[in-house]
Amino acid sequence: MSDPRIVFDNVSRFYGEVLGVNRVNLAIPPGITSLVGPNGSGKTTLMNLMTGLIHPTRGSVTILGIPTGRPEELFRKMGYCTQFDAFPKGLTGYQFIYSFLLVHGMVESEAVRLTEEALERVSMTAAAGRPVAAYSKGMRQRIKLAQAIAHRPTVLVLDEPLNGLDPMARNETIALFKQWGGEGRHVIVSSHILHEVDRISDQVILLSHGYVVAEGQIHDVRSEVKDQPMQILVRCDKPGVLAARLFEKDNVVEAKVNSDGRGLLVRTRDADNLYLMLNRIVLDSGLDVDAVAPADDDVNSVYQYLIGGEGGTT
Amino acid sequence: MAVFKHAYKGYEGALTPAWSRFLILPRYAFAEKRRSRFFSLFFLVSILAPLIFALLIYVQHSLSAMKLLQIGSSNLITVNAAFFMNLLGWQSMMTLFLAAFVGPGQISPDLANNALPLYLSRPFSRAEYVLGKMSVLLILMSIMTWIPGLLLFILQASLEGNGWFGQNLRIAGAIFLGSWIWILFLSLLSLALSAWVKWKPMAGGLLFGSFFVAAGFGGAINAILRTSWGNLINISHLIGTVWTSLFERPMHRGSGAFFFRVHGGDVPTWCCWMALVLICAGCLYLLSHKIRGAEVVR
Amino acid sequence: MQPVIELDNLEVRFGERPILKKLNGALTGRAIGLLGPNGAGKSTLINTLLGFHQPFAGTARIFGKDIRTDAKAVRALLGYMPENDSFIAGMTGVHFVRLMAELSGLPPQQAMERAHEAFFWVGLGEARYRNLGTYSLGMKQMAKLAQAIAHGPKLLFLDEPTNGLDPPARARMIQLIQEIRDRGDLRLILSSHLLRDVDECCDEVLILKDGRIAASCNLEEERRANRKFLELETRGANGTFTAGIERLGCEAASFPDGRMKLVMPDGVEIRQLYALAAEQNVQIRRLNHKRDSLEDIFLKAMEVPNGGV
């Protein structure tokens, strides 16, 4: 049974002098993996390396046991949906997918069947007869997705696939990803929308300036960022009382009252214990709790800690 | 100590008068053009001819200068309608180059970079946009054509005296009107072509093409069909004919101005006027189609 | 509050094809979200209000001024941040915004001052002397926002403002939008596919579908009405916990990863949940009143059962 992982072995990629990615070591299991990082951090380079479109300057990339130097084998198992909005001129949606399937070497009848299946999956069957140039942005995005999944690849690499999709299409596409991930395929997605990344990913890879800054399941990544105690926000009517009780128990490192006086932001090194204590405190002190939320057990906070605000407008 | 907070503030102050807003576009365009050395050089070269002629006119009227240069009493140059028409022709040819280099840069980049919605989401109409962009060309071309022309006319009139001014007033009118016909025609054509093709070099090339290639086609049509109606797509013929009638010169093959020659044949003058008007209308139509805030996709 | 936009039987057609079909309504919020599936007519509505398309029938009024008869006066009050890449080549950032401000009627000196201010306010202070062509995507978005506000409009149209921005830039854009909303003298219309952006910024929502208004509601009121729906994330809970909650009188749905959704009837308090948790040594790691009111509103408007995750 071949290795079901995507493996990057000490991979570096430079474009002349410009850095793409530097010394990347990854072993990605099947499921939904999200690539997160500012623009220019190396996400597109990483995806291009994964699909074999470019080769590493050093190191090796192996997909399901196949090295990326063997494209004929690799592309059968791989589907790539880029972030760029470029299409061969003059084709209809149907022709676009159909011709790519023929290039894969399929017989016509098979190609027709798979084309229709793919169009059905992305709900574009009705519009497939019109030229791609006449599509709206959301429709073009869906046709690109259809092209990437048509030949039922084992590895799907998708660069910002939800860009331009309306909320229902987003939900449907996410459901599609979950289905594919559940079937044991690899779904590699890059995205800037961190709360969606939280919702859908099995594991996350954070990139910054060409380096992999963190990878794994988000809760595990979070607990590994040890120098930062966990932050928890408790909205209640008597934050002062809560703070006093917590300090008595010697659990919290820092407690800060919210600016509106109705919440307490607590930093603790032992979250489990804190929650159990909270149960007691609520009962004993007659506290009126409005909401409880871990303030950083998600991609957004890990992003803040490890990558910070350097991206964006600089 | 006072601490000042810088936050967004609304604007409640005075506004500039609405009618003058289209002039903002040429103002910005000229500020940018002045920085280009190539452009400044071109401009200087283009007013060289009027300067030289001004000098000749002066010399001709200055007896002391004539004696100095030991020229006989025969005239250096004859200053008449033909003179002014040929000067206009030469200067107008120079403006063709100007329009080919400056014109496309006005509209093509805006269309290529989708800047129209930014312009048109303001109290600024499509007509003002086109007028503003055209003004860049109108102003530059005026400086190259009728302004030096009229100045030379006045120079000649003041040196000649003897009612020369009154006798030849018609020429001044022809200079002014002839220039404006050409200026408006060329500006519209240049802008329309650059709205049509969004790539600057191509628009410039098309402008030249519409001259020379069309002239070639016109000649071919004439030869093949043994007619002279092919002259209607020959722009230099059209302008030449119109000018010849304005300057009241005899109309025959070869008359007209430098570069804008009449190609003969029996196409009536009013047809030439009509052809020019139709081409201008076509350009306006193309501009109204292309200059929009949002594309209408059927 | 004076209605920002009034739609009066507005119909827009492209040739024979009707795109907006008899829209009627009045929008009064400080920040109005515009939602809808692709092809619903959102862009067409914005373009029509901006005067890029002529209505086929009916009309609309912005701050009381009719867009058909008073088009220029209307546009003097507007600022527009387009979705697509939009700039003027060959200019520096501040030169660009100056030009745009002057075209909106500001005298040259004022335009210059406000252009610089606008750049600092959006966070591009350092880059304002650089050529627009060298800006990254995030910077171009901010530059578009700068040109939309430099002339001090009363209504701002933002079309997918966070498109393509990475997380810190997104957060900054949302923050700027919230600052604008909280000021009160500049109203805004936010068109976006990201429900969370709209949820965080807007207090009123207009949902279009197939050229018609599918729903129009006030988010503030919706949020207040959702006090009784709770979402929990627990650790260490099992069937006993769920049973206990149900015995209290709540309807509960539990999910395998410890998440629960509850409906609390009148008389039941959160404290009782905590009593139960203390008894059974269950950690309540997250507790909040239902957040996805907007998602529900949207899906209901689309008449699609909740097929999301």
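When the chains are written out, they are named A, B and C in that same order, and each has its own residue count from 1.
The rule we apply is simple: contacts are C-beta pairs under 8 Å (C-beta built on N, C-alpha and C of every residue); 3 or more make two chains touch, one makes a residue touch a chain.
Remember, it's a predicted structure, so these values are computed and weren't measured experimentally.
With centres taken as mean CA coordinates, the chain nearest to the overall protein centre is C.
Relative to chain C, the chain whose mean Cα position lies farthest away is B.
With centres defined as mean CA coordinates, chain C is found 24 Å away from chain A. With centres set at the average Cα position, the gap from chain B to chain C is 49 Å. Rounded to whole angstrom, the centroid-to-centroid distance between chain A and chain B, based on C-alpha atoms, equals 59 Å. For chain B, residues that reach two or more other chains under the stated contact definition are 297. On chain C, the positions that touch chain A within their shared complex are 35-39, 122-124, 126-127, 136-139, 142, 163-172, 193-196, 235, 270-271, 274-275, 277-278, 281-289, 295, 298-299, 302, 304, 307-309.
For chain B in complex with chain C, the residues that touch the partner chain are 6-16, 18, 21, 24, 28, 32, 109-110, 112-115, 117-125, 292-294, 296-298. For chain A in complex with chain C, the touching residues are 36-40, 136-139, 163-172, 174-175, 178, 192-195, 199-200, 271-272, 275-276, 278-280, 282-283, 286-294, 300, 303, 308-314. For chain C in complex with chain B, the residues that touch the partner chain are 14-15, 17, 43, 47, 50-53, 72-73, 75-76, 78-80, 82, 84-90, 99-100, 102-107, 110, 114, 117-118, 120-121, 147, 149, 151-152, 154, 157, 179-180, 183, 185-186.
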